[in-house]
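Here it is, the structure, as structure tokens.
Labels A, B, C, D and E are assigned to the chains in the order they are written; within every chain, residues are numbered from 1.
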Amino acid sequence: MGTFTAAWDWLTSGANWTGAGGAGQRLGEHLVLTVLSMGCAVLLALPLALWLGHVGRGGTLAINVSNVGRAVPTFAVLVLLALSPLGPYGELTTVIALVLFAIPPLLTNAYVGLREADRDVVEAARGMGMSGWQVLRRVELPLAFPLIMTGVRSATVQVVATATLAALAGGGGLGRIITAGFNTYDTAQVAAGAALVAALALVVEGVLVLLSKLTDPMRGRTRPGRGGGASTAGPSDGAGAGTDGEAADRPRKTADAV
Amino acid sequence: MIRFEQVSKRYADGTVAVEDLTFQIAEGELVTLVGPSGCGKTTTMKMVNRLIEPTSGQVLLDGADIATIDPVDLRRRIGYVIQQVGLFPHKTVLENTETVPRLLGHRRTRSRARAAELLELVGLDPDAHGRRYPDQLSGGQRQRVGVARALAADPPVLLMDEPFGAVDPLVREHLQTEFRKLQETVRKTVLFVTHDIEEAVRMGDRMAVYGAGRLEQFDAPSKVLGAPRTDYVADFVGADRGLKRLSVTPIERRDLEQPPIVRLDDRMAEATRRMRDQDARWAVVLDGSGELHGWVSSDAGPTEAGAAEGAGGAGPRQGRPGQDGEDSVRAHARRMEAWLPLGHSLKQAFSTMLQYDAGWIAVLDGDRFEGVLTPSGLHEALRRSIDSEQHVAEAERAEMLLAGSADGGAEKAAE
Amino acid sequence: MIRFEQVSKRYADGTVAVEDLTFQIAEGELVTLVGPSGCGKTTTMKMVNRLIEPTSGQVLLDGADIATIDPVDLRRRIGYVIQQVGLFPHKTVLENTETVPRLLGHRRTRSRARAAELLELVGLDPDAHGRRYPDQLSGGQRQRVGVARALAADPPVLLMDEPFGAVDPLVREHLQTEFRKLQETVRKTVLFVTHDIEEAVRMGDRMAVYGAGRLEQFDAPSKVLGAPRTDYVADFVGADRGLKRLSVTPIERRDLEQPPIVRLDDRMAEATRRMRDQDARWAVVLDGSGELHGWVSSDAGPTEAGAAEGAGGAGPRQGRPGQDGEDSVRAHARRMEAWLPLGHSLKQAFSTMLQYDAGWIAVLDGDRFEGVLTPSGLHEALRRSIDSEQHVAEAERAEMLLAGSADGGAEKAAE
Amino acid sequence: GDSLEESGGGDSKGKLTVGSAGFTESKILANMYSEMLSDAGYDTSIKTVSNRELYEPALEKGEIDVVPEYAATLAEFLNAKENGAKAAASEPVASSDVDDTVAALRELAEPRGLKVLEVGEAVDQNAFAVTKDYAAEHDLKTLSDLGEKDLEVRLAAGDECAERPYCQPGLEETYGIEISAVDPKGVGTVQSKQAVKDGTDQMVLTTTTDATLDQFDLVLLDDDKDLQNADNVLPVVNAKDAGGKKVSSALNKLTATLTTKQLTELNRKVDAKRQKPADVAEDYLVSQRLIDG
Amino acid sequence: MASRSCLAANDWICAEYVRSRSGELADATLQHLGIAVSSVLLGLLLAFPLALLAYRWKAASGPVLGLTTVLYTVPSLAMFALLLPVFGLSAAVVVAGLVLYSLTVLVRNILAGLESVPRDVREVAQGMGYGQRQLLFGVELPLMLPALMAGVRIAMVSAISLTTVGAIVGHGGLGNLIYSGMDSLFKAQVLTASAICVALAVSADLLLLVVQRALTPWARHRARAGKAG
């Protein structure tokens, strides 16, 4: 418990936040790193995944290839990149490593989401002469949206967490707080840094949830299958029938056939 | 028994789908539900198996408020054919069909056999289609699998939401017949939505006509057709509801005309005389045992041509000339194949007339000749049946007005 | 113009859905496609817009092999109402409807207005339903949105797969009427699948009857009903196909009977005499300008009771007694409201008779009285129309047999 | 083991777990300890736990019984753990004097149930390296040489370098070296050495026994003014499980023999010649006649 | 001689390395697989109820997602420090850590899968009297399989990569080799171990794909008119 109170103290002391190397700056760096990496990963992975999912081919291969980037520990990738000609560009290697790391969840989820879009609806879309691009953008994409966003959110959380590794190579970000605390045997600082990373991840997650709700093409539509129909109060519009009055008896004839 | 008590349903966005609904379906009764698109039929159904909870009022099943029954138990007792068919895309046709029996823990072999049986009942070959997935079926085939699936567990209550909407007339008739047959042996309590008024009339013990969220009429089909309670109902069941009554109005004895009757062995001259007496141009011919043989024209004689004005063009086989001498009726009589037993529907009578290109058909009771039905007779019968319903309906309406429960539906604008 | 040339389709699992199909739909023609469930109707449709590629043969659109046309371009020219409706669940009703116009780059305001217009056409209120999502609509409402969506872009070719299958008779009739109206002004080439033979008959310029993957008959609806080419077709269009012809057979002059005619201002005694001469119990009454006024019974006279045997039940307003003296026809005549113009269908005639509870109806040509139609006359007319088709059909069949292309369908078992 | 019965106080187990911190030198040392102990009749196994944060508690608990350690580093670690990070930073217990450092270490270790064995000559302490080219160009052999030259140096090290007396402050005060900036690429990491090799930085903080320097074309500069703490190698054991005489006598024999030069050579065998740590350890022990071949 | 020099020369690719350390490599690979596979399996067992909870009881979805998010951000060192007292210095501690890490992906994907089950199908199942459990296993589970398997595939690849952090406590499978190789810049070791890692990930992914295909035979018939149009 002592660690927690100490970490709390660390976090609440203003001195740790301001100035060069303060938590404020580290937070900013971490965010930049995350946004940059996710931006690149999204730009690379989503168009590819959407296209492959739309065409329905090559997805397996692409997912497999992208897994290569993830299968090797990010730390090792960082070191290997440092040995490459890119080595001197420290931040770049970190971004590359994180992009490689973020691509598989994006790619896999988007591809699967697209393949699973309701075939009847897609068929209707194609039948009305939507071009491939239009079917994709107007139908498949909205239908696959939840799964795509799931991929984006998982990837982002993971990137936020993994970006701490940048510190090992002297990059910026919250990882620096952790490694510094580590080297000075300052457990409180380590815990504080970890808490900051977690908090950032939560906030980013929250923002993404909000964002996906706002951009969800199906917003406003009741999500399927959650219990019975909702019953809400409200003014009855009392649309009764009774408009016509009762008329007199119908006259009748008792005629025979001719 | 299903009972609705002042049931209303208002959706989240304020749409009132069903309002103040009160009616009852007796045990073993098949009630057909018709009404304009969007009037709340599906909503009504789903409130019975609690897929939708009413906003107010209650639904009772065998006297118990369903709100108190566990939804799963409730639904196990209720077969449901959903409007959108909704087959399980991940199961084959056979697996889809045997879903509920398997759910109830029946043994695999037994439920499989039952599923195959039901598929055959709905006109699908279990061998050819059983192992396919729903995606590999046509629209109508899918719908039939949906029906088979709902029947598989033999539930005492059935909700069927346009179960035969996507199949062709032949299959539809087959399904209707099979279902009625089934219903006659094991009487289930059925709520059956359809957009086909004829189907509603043919299938229903009673018929519920909805207008925007309210029950406009709930009556025997013949009454709904014959005596629509409101303008709205009259309009809804169709300007041609008279024609639709063709299929529910039986041929009765009093609708028949009595043409002259001669025997096969009567002499032709005698026959001709009798026809002239009755001012008729043809006569019915019975054989020795009093059974229908055919007819004979008053102009019959040496010339075959110019025959049978106003009478059936039926029977290619002429009466065989010969043995009994030129003068016997037998030599001139024509076979009559356009006949129907008493009690069959006027629609069948009409169809038979047209099919045999006949101006009349004979009506038998067992083997006994009862008379002939002509187009005018048919028309009369139809008019009378409508009339009689109207009389009853008017009496009822008067009562209703006194009771103050009328919803002010206007009179049929008959004049 | 759509042309199928020896088109076959075999699915991956070996099911042959369509086999060796050859036929042609002329420009601006509406062809209805009927056939048993699973016979390949949907498959046929999807081959036109290349949602399915034929296994062999080719489909031509305006002379060009569609295999050579870019699918997207092709589909832009073809409106498609899918059997499963397939609305976009993520778009509102209005957005769904305006999909294609927006796709074609039309301006938002314009396509929105057009969408609203079309929704109204299919009987949906754009204000009440336009902003809803498909999940919030009833089955029939969804289907109508699907129709509106296909019409929105005003494509020259339309494929409609059971477009009105899930709506009630009133809405269906409304849709049929609207669609025919539309079709009369802007003639589109339409392939229209339906399971409702009457709909097929009413809507189609020609009618294609499928039997398991093959074309059994392709003819004008009246011919298909009147002279089914094979047993199979006869069976399929129904034992009551004669009855169905009611709706496609017009009232012709020769079907009418000519009762005695009297004028409003004729003296009653003279009228009675004329009826007696013609052995009639009633006469038609025309007014001074020769227009239909009503009818008068031969028993008419001081007593009002026991009137009008065999005549229309129309007209509550009795002829006003008075001014013209007791003896004028005017005093005894009854208004006749059961009338129809020449050329209307026999079905309307029948319905009108039943609606007005009349034993006959007057038939007018413009304002001119042409005669009366009785049930027997109606029946005769129906029989004749069937006959005439059959004669033609038999001749055709003989030719076909010679050409060797007959598929061995048995004779119609009419006899 | 027949000698098991003779084992004195604290030798309660016949099985001993030797901890290794995972890097080459630690692996070699762990293997040597293990060999020595099994030669003394123990059943031994090696467990790798890369972080002191994890293995030190395990050592206290007895999950690990013996660990090769470095006197000053461990002393500071325990100091921080005992007195908090701040106090430890302001009042370091370790110094360049071996005996003082070991004494301080013992004081901190014993209450935790740890027993610090004899310290030897072999030392693996912080050291600074520059590229061979740089050294040749400026004629550098020692840190003093560097201080005499008027050179600005960018130093690849950890963040904490700026505050640690043995690092930036020491370099500036003791040697008069001008540090333009500390590039926080970590102590002796690949990235740090690569940065020096690239010319991004001029000097890197690493350790005396680093055997990969050749691969980056680096040479160490001599700490001729004894700036660095006395990080001499010594075994630390769990007092309860392995505090007995038999263990200490076995390990002390080794500690007494091992020199820094030998240790560096052993490291080189593994890191440059790519022999396996276990083989290297055994060869060494045999060649020193500490065990039989 | 040539092979000796490839070790000494510290080449990236070195056959002699593979030859001389084949036992070590095999052990590491086995350990790696064991840890990765068991973590994903356990992760599934844990993620399923969590996702279900979040799905059935909407109020829980925030906390569940939040918790699994935070778990992933816990640095591995801290994670192991927290888990060590419970599991001791064994492979279990690594598995436990990886299970917690895998929840991030699995819970989300299972949830997304559950929410993607078509309304009609769910409704008809309910209408037939499917109980909650039967609905889950008979309908929802099969229909969400694609989304679920997408999650499992990502989780598996992640687990294979993350298993390496187990090197901290000596149970990192190939990670032990990668990290120690990294320390001493043993290029052949780093590359070989990494390559095996990649091979494991790729083949696990393919295997899972095969499993998914086998589990969803209906999906194969869905490829209607495959032409891109």
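Keep in mind that, in the parts below, contacts are C-beta pairs under 8 Å (C-beta built on N, C-alpha and C of every residue); 3 or more make two chains touch, one makes a residue touch a chain.
Per UniProt, the chains are A = ABC transmembrane type-1 domain-containing protein; B, C = ABC-type quaternary amine transporter; E = ABC transporter permease.
Computed from a prediction, not measured in an experiment: that's the story for all the values here.
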Remark   = Ordered by label, the neighbours common to chain C and chain E (ABC transporter permease) are A, B
Rotation angle (°) superposing Cα atoms of chain B on chain C, nearest 5 = 180
Task = Averaging the CA atoms per chain, pick out the one whose centre lands closest to the mean of every protein CA shown.
result = A
Ask   = Using mean CA coordinates as chain centres, what's the chain D-chain E (ABC transporter permease) distance in Å?
value = 37
Request  = Return the distance between the CA-based centres of chain A and chain D, expressed in whole Å.
outcome  = 45
Length of the line joining the C-alpha centres of chain B and chain E (ABC transporter permease), rounded to whole Å = 61
Inquiry  = From the mean C-alpha coordinate of chain A to that of chain B, what's the distance rounded to whole Å?
reply    = 57
Inquiry  = Among all residues of chain B, which ones touch two or more of the remaining chains?
reply    = 11, 51, 84, 132, 135-136, 376, 379-380, 387, 414-415
Ask   = Listing for chain A: what residues touch at least two other chains?
value = 79, 118-119, 123, 126, 132, 182, 222, 224, 251-252, 256-258
Note = Where chain D touches two or more other chains at once, the residues are 53, 190
Message = Which stretch or stretches of chain A touch chain E (ABC transporter permease) in the complex?
response = 54-56, 60, 63-64, 67-68, 70-76, 79-80, 104-105, 108-109, 111-113, 115-116, 118-119, 123, 126, 132, 135, 146-147, 150, 153-154, 157-158, 160-161, 164, 178, 182, 190-191, 194, 197-198, 200-202, 205, 209, 223-226
Query = Where on chain D does chain E (ABC transporter permease) make contact in their complex?
reply = 20, 22-24, 27, 47-51, 53-54, 57-58, 63-64, 190, 211-212, 215, 270-274, 276
Inquiry  = Under the definition above, what is the set of chain E (ABC transporter permease) residues touching chain B in their complex?
reply    = 120-121, 123-132, 134, 138-139, 142-143, 216-218, 221-222, 224
Query = Tell me, which parts of chain B touch chain E (ABC transporter permease) in their complex?
reply = 46, 49, 51, 71-80, 82, 84-92, 99-100, 103, 132-133, 135-136, 146, 149-150, 153, 159
Note = So, in the complex, the side of chain A touching chain C is made of residues 118, 120-121, 123-132, 134, 138-139, 142-143, 145, 217-218, 220-222, 224, 251-258
